[in-house]
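Below: a set of structures, written as structure tokens.
The same chain A turns up in both complexes below, where it pairs with chain B and then with chain C.
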Partner chain A sequence: MRIVRQQTRLQTLINLLAPFLGLILILAIFSSMPDIQSRFLRLANLKSVATQSVIVALGALGMTLVIIGGGIDLSAASNIALSSVVTAYAINAGLPPLLAVGLGILTGGAVGFVNGALITRLRLVPFIITMGMMGIARGVAKWIADNQKIDAPLTWVNELMAKSPRPSWLMLAPGVWLMIVFAVAMAVVLRYTVFGRHVFAIGSNEAAARLCGVRTNRAKIIVYAIAGLFCGLSGVMEFSRLTVGDPTVAVGLELDIIAAVVIGGGSLSGGEGSILGSMIGVFIMAFLRNGCTMMGWPNYIQEIIIGVIIVAAVSLDRIRHRRPT
Partner chain B sequence: MISRIRISFLAPLIAGIVLTGCGGKGSAPAAGEAKSLKIAVIPKGMTHEFWKSIHAGAAQAAKELGVEILWKGPQKEDDRAQQITVVEDVISRGVDGIVLAPLDDRALIRPVQDAVRDKIPVIIIDSGLQGRDYISFVATDNYQGGVLAARRMGELLRGKGPIFMIRYLEGSASTAERERGFLETVTKDFPGLRLLVKDQYTGATTETAYQLGENLLGRFPDVEGVFCPNESSTFGVLRALQESGLAGKVKFVGFDSSPKLIQALRDGHLHGLILQNPVKMGYLGVTRMVQHLRGQTIPDRVDTGVTLVIKETMDTPENKALLSPDLSILDR
Partner chain C sequence: MTSVPADAPALEMRGITKRFGATSALEGVDLVLRKGDVHALLGENGAGKSTLVKILSGALRPDRGEMRLAGRPYHPADPLHGRRSGVSMIYQELNLAPHLTVEENIMLGTEVHSGGFLKRRDVRKKIKDTLTFLHHPEIGLDVPVRQLSVGSRQIVEISRAIMDKARILVMDEPTSSLAREDTERLFEVIRKLKAEGVSIIYISHFLEEVREVADAYTVLRDGQNVGAGRMAEATLDAIIQLMVGQKIADLFPRVKGRAFGSPLIRDINTRLSTAEADPRGEPGAPAAVDHERGEVALSLNGLKGVRMAEAVSLDLHRGEILGLAGLVGAGRTETLRAVFGLDPRQSGWVEIGGVKALKLKPWQMIQRGFGLLSEDRQGEGLALARSLTDNITLSRFGPYRRWGFLSLKKRSRAALQWMGELKIKAQGSGQAVAGLSGGNQQKVALARLLHQDADVLLLDEPTRGIDVLSKAQIYDWMSRLAARGKGILFVSSYFPELLGVCDRIAVFFRGQVVDVRPAAGWSDESLMAAATTGKG
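Our next item is the complex of A and B:
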């Protein structure tokens, strides 16, 4: 059983600094490569990396909450695919786009709610429940889409992820702004609200939290429902980007999302993690992918690098924890 | 203190891996060369034989024309979202031209428009893209492939007898064209061929094709000819024919190549294979792009041809190259 540790300001700073240094290192390495140095840090490339990050980042916002609360959500990627298919299906069926977007997000939220309800009612570990949901959501997505992709007519929804947004003063794709706004909102929720502190308490020591009067089951259901809503929004963004609803999209993306949270300092045993850290984790992976493609390196190189970074980040975390405070 | 430990850990790890990667195949071109053209070739996936053949053709063209190619596909096979990312990154990187095999005829429209806006011309290979933002489309004439298969079937059965035309997958444009070519030729030129089955889909895998084959053979045991429109359906139905002891008796025309299908052709279980020419597709994709960049006009549709290969002709040098393409250029 883990003791809830009082963290000093210095330690918090260091926790955040570590992934940040990783990101700077990656930026430094790629921007010093002679082949691409003039282009890597150009505004156009930064904009496209930001747009590419939105889908994983939105998923990671919810996943951070889940992981801090001591859980895991393996159904995230399937949920994203399901939500994108629902959005495409609704637009194709002639519903107003805004309603379709709402339906997509709510689908994600519903899947998350069911996850939370099953985990608390059946008292099963989140790993099992969400692994089951991973298959269920993916299957339902394929069913709705009749095993194909759904072509939906172009609407404003598809502008959400356009690299050059329509009112040009927006500078970034609307999806990128949504990502920033929600990241700030979630950081505030985690740090300054009672609910946020409860999530940390549950992740650190659920039994103690319950004894202290935290309604743990209710909080956990809310956590998974919020994570689901973010997956739903992420699914809408996926649809916006693809312009088609594809039930086979984002296979394995849940591992990218979890990796981002872990690189950013989230602990799979719960009670630790931060939104800023997770966002940095997302950008570390996005810039790596972008840089490797720009250099023309084979895909296996970037897979190996990301694997090494995950192991390095987590083992450094363990070393830090072993030090007596 | 602690942060310093972290850096000292991370830096050599990442730098080490990154530098090793750099030292491998990705080594920069010799500095002496005057700015050679750089062309990105983006396949649908990187591990299948078909894409390796396209890579070999593209590499051959690059060698002959003195240009450089950047070969990069989506990290996961057949992932539409990741292919979009690759196109965007290649645009960011800056290349002189892009040769793209789009995973989706809709989803890739916008990235291609982005490329055109950045003055990077795009040639589409293998599968179509909606709209007209690209300068040329280099692909197999799939309809013609179906026509060839139908003519072979007519010849094998002397124009009469009950046959199956098995379909591949709903929504797959290239195989639908092959099926259309087969069906229209049979109806027009060989009215004596009776289609017992013409609207059954095998689905994406060999396993589902095998099951469909078994079920159909159980219901229509007196069938005399079968046509399948791609590799997985051909192999699945071949297995069903072999299991029920009908292989060799039923005239069977398939599409595409694999070691197992080559063997079946040799054993007389297959009576014809329609082959595409992926090496030529990669070769012409890059060649046409270079011609365009050097100011020549190029046709907006390039057919890379289909060929019927039968047991008697399978050992000619040209057909051997089609059945098992020479990929040795990729090892250098």
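Our next item is the complex of A and C:
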């Protein structure tokens, strides 16, 4: 019995460490490249990578929840664009920045809520509903912005993503701190709350969850609404970074977000995944991009490498989970 | 086949050993199957039966040991190789693609067109003939398998094996989801197959059936051979002793003031208790309990769910076990589902403790103290990828919740407690349920209802595919729950357990309740008659 318990403990440790090892491997490779050795692991570069990761990371927090619950959200990137446009529009219209930010986040939440409501009411697969929403949100963003960029006056909102934050004791951009705080919060929600356990149960076997009295529809709507709120926050960060509301921003970003979750051990058939894993997935991709750029490698090399990593990560995951039955 | 001696056994397995990590599943197991024999492979859950037949099929490779098919060395690389060598499996959890039709499923993987001249019409005719041979000509070739009942799906799977020209057929719990009538038909099929020289390895927990159908037996316990021989020379008592290694005093619980309705039950219980070796008695031996019938806990008034053929009216009292007998497809499962709100209700209503309850959803039924154990363990009963803790506690998080947050420690402690109560064999409460044997999975599903502390339990085939010891345990729990004033609706296709456990039994026929009587008013024969003819 003791041997068995040690084994399972060892296995959990390996499961936890595997994505970490991937990240360390990538860091090791780039920091041993003679060309960029001196710059790659410098604090300034790490800060910049962290700041660059914020937008994908916030999206990935919500996406992790959605994927664990057995769903998918293809509208994430469009939702980010829409929220950033709404934020810019509101600031431009003279609203106080705080209100504008709130409006941006709520827009994201509303899109997510509609996703969830449609998926549960129409009983259609999330792929279809969110694919439709991907087009709708993008279209609405362009409509609001009148197919242009919305210029907005500079406010404190634009400092959320500043690489050197104003009170210098902050060390990292406020956006990075927000990302960390929300990541911890979501990890706690998933592990220690009734809602979190219900999401896992729904993703693993929705019929069983229903039979056990889990209010599956309600939980799913909440899941998509939370994912939407994170997209809204991510949209605010996008606006903060660009200082304009651009309806054409973040095209295809939903795939980066999904990739991060999957690299981090999320299963597209539901029931598996973790916030820590997804965050590591985000950083694996961010460091790759950063390293490749510093090396002066062309874009297509990055794309190929990231493609390979996705496939490798998921196959490794399968091997790790192979059961002896 | 001509070059080997004619008297070579159809299958010889020698010294088969298989380890999974630190645990040893099989330790030098032998099995010899004669040509045309039905060979029963017996043992408790987790004794190694499934592992052994997986090795035979090629799904697993043995660490040591050798196999011979009709005298020739046989080392299957994978299940397809096994199938091509004439070894076909009919698994306990059926292996069919739900969206494909009966024809497509049967031909799956063997869609040979041999040069293109094998016409689909010929194939269809062959399948039709096979289904007719199996006494199920009513199964349509173009029906998607998901629309068939579990019983019919199994027939489809057997047809597939027959079409494969299997020489060795492994049946893992073939009758556990079949009604009595279907079982009889299956036995006829088995006899036909025998006559054609097919050898069958037959895994079952229904020992009376085994005795009826098998020629020889091999008993495993904890991954080792503990006995083998010809069926005709063995007694059931001896076999049970070999399987269990310890005694069970009574298979069915003793209830005060109740004479067992069927001579069969008395027979089974006496046989088990005379096998008793320890004079002090088994510590787990159930003491007699008292079922005191209370007020009506649940009342169905002309209830008809969308999947029910007819409206049903029934009363369930507190402190009573009400059995629902009938053939597979007679509407029992559908009734439970409509009561629990899993299927929408079309007409009629349910009264809970005298209060009319309309349109309740499963979570509201759970709030009102109801619990349902699904017949479809894998599809609906359990979240297989999740841990035992998650599965056991899913329907009642209340005690571990504080402002929405869970105490994981308390939760897994509770899970461990129920694992102990029900003697669930697992590596720990964090293990995924998928890695457990069928019987232990079933106990997890039951543990959830017990943990939930439901007042009214709706149990759909709770003892399907599990070993004698676990069955006795589940019967005992049911009886104790009823003694505590809980009401239990108990769906089963196995008459002896209904007769042995229930206070009253209702018989379903084609969606209707044809008769309700106290258990003592029924016998094996009268239940059979009511279930098959609809006349009480």
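The working rule: the second predicted complex is superposed on the first by the 313 of 325 C-alpha atoms of A that agree within 3 Å, B and C clash if a C-alpha of one lies under 4 Å from a C-alpha of the other, contacts with A are read in each partner's own complex, and residues count from 1 in each chain.
Keep this in mind: contacts are C-beta pairs under 8 Å (C-beta built on N, C-alpha and C of every residue); 3 or more make two chains touch, one makes a residue touch a chain.
Everything quoted here is computed from the prediction, not taken from an experiment.
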item	value
Which superposed partner A:A117 touches (first chain B, second chain C, both, neither)	neither
Which of chain B and chain C A:R197 touches, first, second, both or neither	second
Partner chain(s) touched by A:G271 [first = chain B, second = chain C, both, neither]	second
Touched partner set for A:V251, first chain B, second chain C, both or neither	first
Which of chain B and chain C A:A208 touches, first, second, both or neither	second
Partner chain(s) touched by A:I305 [first = chain B, second = chain C, both, neither]	first
Chain B and chain C contact sites that coincide on chain A, given as residue numbers	323
Complex contact set, residues of chain A against chain B	14, 17-18, 21-22, 25-26, 29, 33-36, 39-40, 42, 44-45, 48, 51-52, 55, 146-149, 151, 162-163, 238, 241-244, 246, 248-252, 289-290, 292-299, 301-305, 308-309, 312, 316, 319-320, 323
Complex contacts: residues of chain A adjacent to chain C	3-5, 7-8, 191-195, 197, 200-201, 204-205, 207-215, 271-272, 323-325
Parts of chain B lying in touch with chain A, wherever the complex brings them together	2-3, 5-7, 9-11, 13-15, 17-18, 21-22, 24-26, 28, 46, 70-73, 75-76, 78-81, 84-86, 88-94, 104, 106-107, 109-110, 114, 170-171
Chain C to chain A touching residues, read off their complex	20-23, 340, 342, 361-363, 365-367, 372, 374, 379-386, 390, 394-395, 397, 401, 404-406, 408, 427-428, 430-431, 434-435, 448
